[in-house]
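Letters are used for the chains, namely A, B, C, D and E, taken in the order the chains are written, and counting of residues starts over at 1 for each.
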């Protein structure tokens, strides 16, 4: 049975995992979810590494909400590099679901964005794990997670 | 038989792989193409790592279209570092074919640039794999992929 | 018996470790603390690596106070990348406790912030080591170490 | 017999390798040169890795001419990090010979700079490989490759 | 017998190693110094790696003087990342002694700073190698190498 890791933070201002897990449950069966919560986004890489190595996860969603200050941007950058390195060490995908606080104009839009992006990336996880052909079919379609798709330049 | 990996994204706004594959087919025979599509450019490094380790690719084209916002530039930077690390881990070339949305003045030029750069880098892949001497012959010629060649300072 | 590493610097302007250790002692028993002090924050990663590999620490707190100049910010960035890499090499958590001098308006607030953040991160260490379920319970709660919690967007 | 790798790009606007090789030939005998040309500077790290691992080079010159745009600076940064990592993986020196297009006021000066820096770094390669004591003798002398030496503060 | 590596550059404008070695000799006996000089600061990481792996150094001082231009700052950043990675690969300390040319107001102050910082970091090397307890005693004391100590916030 496939194992999907869900790693998130106490720093985030929404329970992002809830949306991701709900989306997974609405779409697939026959898999196991492993939860892991850490304080902040810079703690995500090693949490993913541990889930791959010790819990045998097949894929992981790493969810976080970096703040809007320059130091927060730098933390997100460091976390992203760590997440990419983790994937290279384990030969497995981590889908990074980061929402930057300044991506939205207000709390209401931010909340919408978090749910929307978490759900759409949960679908990416399903595709990577069970339906890679459907990603190939969507290559170059200008898909976006959260906000509206940019669409193809050819449309 | 040599295996060429073609890795691209659903984020890109053009099916970049189509041009790359067409150019390969127009120029060489006796090789196999392995496709792999991921959501975004930060998913490219591990996809390449998997193609090298599990599908025994000999070389890979990693195609992507970063957006024009600062966060997109940072993502491209993180992806590029990951792609270089992947090459060092596998001792094989990944030709990164990134087109930044703000490289072109409008959608028409952007589309032209994508096709042109993808095709010219496909030729680089062929040279690296089958004709390394032709790259040596062009050393220092100021070649550019997509836009016009800068040319040699000695010309 | 679990071993908690406490790594700090002579560069910091407060004995951060004192607060962290005091908080640990106030909350748990049956563990061992291993101290290690280095000159500056860029010396922290290898100190942590040595504590994991040679002293068998189960988790480490890395405490530092970067200055406010651009070069200090760059040092903090380099140290953070190194700390993340160390965790990936050892599959164990390092809780980074950095206080930037320009986070506070004056020395009094800075001192308060150092103590507050060190103590709250000590509690994170306890949770990661002994009570991971309590972190899951707080996922998405907008917790902050030091300054007031940002709170959940849903409250 | 010692093997010196010479890795360069088709992106560069001068055949930098020509100057480097000429300088080597003018100064030493009893060694072998291995050429390798890649499209751009981000392809240099893996080319060096391959030359070390598969062609048993003892030292490598990595020659490139980054452009003057911000994206070019970023590419140079990524390439440099990759070149340093390659050295750490192989325990051998790579002498990076990069000339940024905006280092010179015009094409004539740029051409002079390329030749001058390539030749002076070729001498560094000779010293590292055959005469490490002569580098120690010049420690702290404010040497520069290409432009005039800055000189010692004590002179 | 302990071995201390001293790695420096021909780019630096002062023989930094002289001060470091003099300070070591004034304070301890019964150790061996291994010198290694490279062209620039980006050559320091692999030089340290070689000294650890092939000359069995127990600790290394990496001395350099980055220039004041943006490209020099970037080189220092790349070198620092490489030095941290080297330490993680070898589980041994490298004390980075960098003096940026723009840290001082004039050449006289710069020269003073170089000597002062090199000597004070030599004492750090001695502490790390022989007297780690004295570093713990100075934790949080706001020590600085070169310029005046910032001191403790509690004083």
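By our rule, contacts are C-beta pairs under 8 Å (C-beta built on N, C-alpha and C of every residue); 3 or more make two chains touch, one makes a residue touch a chain.
Note that the structure is predicted; figures quoted are calculated from it, not measured.
By the document's definition of touch, chain C and chain E have no common neighbour. The mean-CA centres of chain C and chain D are about 41 angstrom from one another, to the nearest whole unit.
Centre-to-centre separation between chain A and chain B, using Cα means, comes to 25 Å. Residues of chain C found to touch two or more other chains are 81, 85.
Passing around the ring starting with chain C, then chain E, and so on, the chain order reads C, E, D, B, A. Those residues of chain A lying in contact with chain B across their complex are 73, 77, 80-81, 83-85, 87-88, 91-96, 100, 121, 124, 128, 132, 135-136, 138-145, 150-154.
Residues of chain A that touch chain C in their complex: 8-18, 35-39, 42-43, 45-47, 49-50, 53-54, 71, 74-75, 78-79, 81-82, 85-86, 89, 107, 110-111, 114.
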